[in-house]
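In what follows, a single structure is set out as C-alpha cells and then discussed.
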Amino acid sequence: MLFEHKPIRMEIWPNMSLKEFTKELEGAGFTAKRLAEAIEIYKRMLDDKECYKVLGAGGALIAGGMRNVFVKLIHAKMIDALILTGSILTHDLIESFGVQHYQGKAIVDDVKLAKEGTMRIYDVFLPKQGFLVHEEEIQKILPKLPQKELSPSELLFELGKHIKDENSIIRACTDTNTKIFAPSITDSMLGFQIWMYSQTSALKMNPQLDIRDIMDIVWKKNRFGLVILGGGVGKHFLAGMMQVSGKSLNYAIQITLDRPEHGGVSGMHLDEAKSWKKLAPDALSTNIVCDVTLAFPLLVASLLDYKKT
Amino acid sequence: MLFEHKPIRMEIWPNMSLKEFTKELEGAGFTAKRLAEAIEIYKRMLDDKECYKVLGAGGALIAGGMRNVFVKLIHAKMIDALILTGSILTHDLIESFGVQHYQGKAIVDDVKLAKEGTMRIYDVFLPKQGFLVHEEEIQKILPKLPQKELSPSELLFELGKHIKDENSIIRACTDTNTKIFAPSITDSMLGFQIWMYSQTSALKMNPQLDIRDIMDIVWKKNRFGLVILGGGVGKHFLAGMMQVSGKSLNYAIQITLDRPEHGGVSGMHLDEAKSWKKLAPDALSTNIVCDVTLAFPLLVASLLDYKKT
Amino acid sequence: MLFEHKPIRMEIWPNMSLKEFTKELEGAGFTAKRLAEAIEIYKRMLDDKECYKVLGAGGALIAGGMRNVFVKLIHAKMIDALILTGSILTHDLIESFGVQHYQGKAIVDDVKLAKEGTMRIYDVFLPKQGFLVHEEEIQKILPKLPQKELSPSELLFELGKHIKDENSIIRACTDTNTKIFAPSITDSMLGFQIWMYSQTSALKMNPQLDIRDIMDIVWKKNRFGLVILGGGVGKHFLAGMMQVSGKSLNYAIQITLDRPEHGGVSGMHLDEAKSWKKLAPDALSTNIVCDVTLAFPLLVASLLDYKKT
Amino acid sequence: MLFEHKPIRMEIWPNMSLKEFTKELEGAGFTAKRLAEAIEIYKRMLDDKECYKVLGAGGALIAGGMRNVFVKLIHAKMIDALILTGSILTHDLIESFGVQHYQGKAIVDDVKLAKEGTMRIYDVFLPKQGFLVHEEEIQKILPKLPQKELSPSELLFELGKHIKDENSIIRACTDTNTKIFAPSITDSMLGFQIWMYSQTSALKMNPQLDIRDIMDIVWKKNRFGLVILGGGVGKHFLAGMMQVSGKSLNYAIQITLDRPEHGGVSGMHLDEAKSWKKLAPDALSTNIVCDVTLAFPLLVASLLDYKKT
C-alpha cells in the first residue's frame, strides 16, 4: 500500500484539471484511493528503466470505447507488450474495417434485435455486418502474411502492417514494435478465420508458440510490471510463465469487477499471487474494484504527459 | 437512456480538464457512459426549476473521504434535502469534533488493531477515541437544543447550529437550510447518544416524525429528482412516501456496487421502480455500477460550476 | 475457520438426503465450505446454553419465498430474537392478509406492468392490491393494540396476537415469545400506516425505544450469536449496542452478495468487526457469499431436527 | 422462464431428501427459483434425444472440491463434451498424481505461505510440490502419446488412458468417450509442459485444431445444450462456433458470480446471446448468480438418478 497513515481528506472545486482531481484521490479511501495508488505505481514503473511493462486485458473493451485509450498508451511508449483475448482483437479489427459499435440499451427485446441484425453487448450494439466485413477483409489480408507457421504474436505483428486505421490497437503495436500475445486467440472469430484460411494455405498459427515468444522475454528481463484489465489470460499468462522461470512481478495493477471469494483467477486479490511467488514480496500492487471503462481512461489520461512536462 | 444511437468513440489526451474528460465519456459504453448520463441528468434537474432535488446516501462515505464533496454540493445549492443513515451522521460528527479517519489497509490482524484501539472500515482506520470524543461532545450540545419532542430532521437542523467545523455536512445543511432526513437514525451511535440523553431530559427524538416532515414536502412539490449513493433508506424512503402520495420521481441517478438479482432494494435497477410508479414512465434515470468514492466526486466536480460560467 | 487442514474432497451420489449433502460440503472449498461451516457454527450456538441467538435480516426475503423458513426456525426455538426491516414486516403482513407474491420475470416492460397493477421485485411480482389490503387490514388491527407509546418490538408483539395466518413471521414470534426489533421501521409502509393511525389516536410508536428494549437484553446476557441475512440494520443494530456495553458476539454467520471493498456495513467481512470488538477475538464466524434464498433454507433445513433425533 | 405465474411458496421440514429440497425451490424467487429451473432444464435436455450436451467450465473448481461432481456427471452419461481451461486440467492432473488441495484460510500472510511452499487459492491451499509432481509425471506420460500433431481434444483423450486415478475428470472422459475441448490450454502449466516436451519431440499440440474438432460436431448435430460454470472460453467457444454455422443453443444454464454490466462475456445474461442468434429464440435458459461450488453439486446431485428410478 502506498498511501497509508495519512488522514482521509480530499477536496473538489470548480474547473479542476484531471490531474488535480486524481491528485485529490490520494487522500480518499476505498476505490478512489486505489485509483490514485495505481497512478503512482504506474509512474514508478515508468521511472524503473529495467522494468518490462505488460498490459493484460479481457472483456468488452472495444465495445466500451477503450480503443483510443489503448492507442494513446501504446504511442506514448508506456507499455512494452500486451496480452489480449481474441475477442478484443476481433472487435479492434471490425472497427478498423469500418464498422462501428453503437450506444444502445440493456433492457430490450433480444429476439427483435436479432431480426434487425443487431448484436448486443450489454448496452452497446454492433451491427451483424461487422462480422461479415471482418471475414471479408481478414481473408484479403491473410494471403499477404508470411505463409508459414506463426505464433499469434508473430501473426499479429505482420497483420498490423496491413491495417490502415490509425486508431487500431493492432496497428499501433506494429508501428511501435509493441508485442501482442494472444494465447487464447483460438476462441474468437479471428482465430476461426485464421483456421479457415490455414485449411487451404501454408499459413498455420499455433498459439503454443506464444509460450516461446513470451519466454524469450521472461528469460531476458529481470523486472516486470503488469496492468490487468478485467482478468482471464491477460492476468494469468505472463505470471504463469514467470513462475516457471523463478521470476516475479515487481509492480501490479488490477482493474476488475470480478470477486475473489470463489477462487477464480480474474477476481483474485493480487496478494494471493505472493504465495505463488508470481508477485515479489516487496512488489507495489493495488486492486481496483471498478469497471475498466471508467478506471482505465482515468489512469492513462492522468499519465499521458508524465515525464514530458 | 440519454445517449443512444451514437457511435462508440472517446478520446483522451495529455492535460485534460475534468470537464473534457467527462465530456469524452459521453461517447463510451457501460459505466463510463452511465457516468456521463448522470452528469447530463443532473444538469437537467438543475435546469428544471420545479424539481425538488434529494440526495439519499448510505455506506462508509465519510471514511471514504466524501465529506467535502457533500459540502461543496450543498453550498452550491445543488440539492434541497438529504436522506442519510445514522452512521454517516455519526462519522461526520466524529470528524467535526476533531478525530480523523486514516488511510490504512484491508489485510491486517484485526485482533491486534483492536488492542491498539484502531477500528477498521475496509482499508480505512478510525481511532477508538473517535467514539469517546463523539459521546463527550454530543452530550455537551444536546442540552442546548430545544428540550421537546423532535423529528430527526428538526434535531439535526438545530444540531448544525452548534458545529464549528466548516467541513461538516450537518452544519452545511443548517447554514443553507437544506433538510436532512434520517428515518433509521436509531441504528447508530448518534441515535444511541440521543436516546441516552433523553432518559433524563425532555428532549425526545421520534424517527416517525420524519414521515411528517418529508410528507410536508411531498405534498407540496410536483417534480422530484433523487440521487442515490449506496442504497438502503436513502434510496427507499423518499420513493416510498411518493408512492403513497401518488407522485413519482422525474429524475433518478443511482451509484452502487450492490447487485439486482436477489431483489434487495439497494441493488435494484431503477427501471423496476417504474412498475411501482415510484419512477415516472418518462423519467430520466441511470444506473452506475461503481464505488461511490470514485463516481460521486467525478459527478459533483463536473457540475460545480454549471450555470456559473 | 472451522474446517482447515483437511484435504479437499467431497462426493455426491443418487438419492442423497439433504443432511448427507451438506455433510459432504464440509470437504469442499469456497462457498460450499462456508455453508458447511455455518451449519456447524449454528449447532455450536444451539449447544451453548448461555448463548442469546439473534437473526438480523434485510432484503426481499418474503418475495423470495423465505417465510416458511423463518417460521420453522422460530417454532423450532432455534432463535431468541429477530431484527427486521420494515419492508420484511410489511410483506409478511401482505401475505398474512391474503395477497400473494407471484413468480414473474426480470426482463419485462415495467411501464406496462404498472398499468396492469403489478409491482416487480426483480423476478417476483406483487399485485398492487397487496398494499391496499395491507392498509385496510392494518388500520382495523391498530385500534385493538394498547393505545400508548410503544417501541416497535412491543407493537409487533401485540400485532402478532391479531394475525390469523399461521405462516406469518410476526405471529410465529408472538406465539413463541420471540422478540422482533425493527429500529428502521419508519422507512416502510407499515411504519407509514402506524404514523397515519397515530395522527388521530393515542398509539404512538417510537423506534428509539427499541434501543431500550435491546439494551435490556444486552445487559443481561453474556454470550451472543448473530445470523445475518443480507445486511443493513439487521447486521449493525445488535453489534452496535453490544459495542456500547463492552460485550462481543461469540458466533456470527453472514449470508450476503454485497461486497466488502467500499466499506459499507452490509458487505463487510466479519473479521473487520473484531477490530471494533463487536466480534470476540475467539468467535466462530463465517462469511457466505450467496443469495439468501438459496443458502438460508439450506442452513435451516439442515438444522431443523438437530438435537431431536 | 419455466416457473412463472405460480404463487411464491416453499416449505422446509426435518430430514428432507435433497430432491424434496430442490423441488421446494420451484416455489421460490430469485436464485432459489433459478436453481430449480436449471434442474428442470437439464431434465428436458436429457429427455431430448437429439440434444448434444456440453459443459463449459472455468475457475478454481478442482480447488473447490468439484472433481467428483464432474466425474459422477460424466459416468452418468449426462454430458457429451466438456470445454475446460488449462488450469482445471492441470489441477485435475495434480490430484491424479497424488498431491491434494487442502482447506486453508483467506486472510493470511502470503509471503509466509510462499516460504512454507504453500500456494493459496482464496481459502484453499496447494503444496508447491503439486507442480513439481505434475511436471515429473506428465513428462513421463507424454512420450507414450502419439508423437505427431494433435489437437488438445485428441491429446487429452490419449492422456486419459494413462491416468490411474478413478476420480480424474480427464480419465473419466476417456473411459466414457466424452470429448474435452481446451482452446485456451496454452495458458496453463499443462500447456507449458506440452510445449517443453514438444521442443525435443515430434508431438506438437495446436489449439487451433480444436476448432476442427468442435466444428465436426457442430455441423453434425442440430440441437445443443450448454451448461456454463464460471465463464470464459467454456461459455464462449461452443456458442461462437455455432454462430458461424448458423446453429443455436436450445438449452443453456449459467452459474456464475460475474456481473453483466461491463459487457464481459462471463457475466453476460443469457438473453443477450439471443441477439447474436447463439441462443434460439425459444431456448430454455436460466442465469444463476451463485458460486459454482454450491450450485453445481446441488444441480448434479438432484439429477443423478433421473430416468433411473
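In order of appearance the chains are A, B, C and D, and numbering begins at 1 in each one.
Here, contacts are C-beta pairs under 8 Å (C-beta built on N, C-alpha and C of every residue); 3 or more make two chains touch, one makes a residue touch a chain.
Remember, it's a predicted structure, so these values are computed and weren't measured experimentally.
By count of C-beta pairs in contact, B-C exceeds the other of the chain pairs B-D and B-C.
Of all the chains, the one whose CA centre sits at the greatest distance from that of chain D is B.
Distance from the chain C centre to the chain D centre is 35 Å, each centre being the mean of its Cα atoms.
Between the Cα centres of chain B and chain D there is a gap of 43 Å. Between the CA-based centres of chain B and chain C the separation comes to 26 Å, rounded to the whole angstrom. For chain D, the set of residues that touch two or more other chains comprises 29-31, 60, 63-64, 107, 121-124, 257, 259, 261-263, 271, 289, 291, 293.
Chain B makes touch with chain A in their complex at residues 1, 3-21, 24-25, 27-33, 35, 60, 63-66, 68-69, 72, 100-105, 107, 121-124, 257, 269, 271, 289-291, 293-295, 297-298, 300-301, 304-305, 308. Chain D meets chain A in the complex at residues 58-60, 63-64, 87, 106, 110-111, 113-114, 118-124, 183-184, 186-189, 191-192, 194-195, 198, 204-208, 210-212, 230, 232-233, 236-237, 240-241, 244, 257-266, 268, 271-277, 281, 291-293. Of all residues in chain D, those touching chain B in their complex are 29-31, 107, 259, 261-263, 287, 289.
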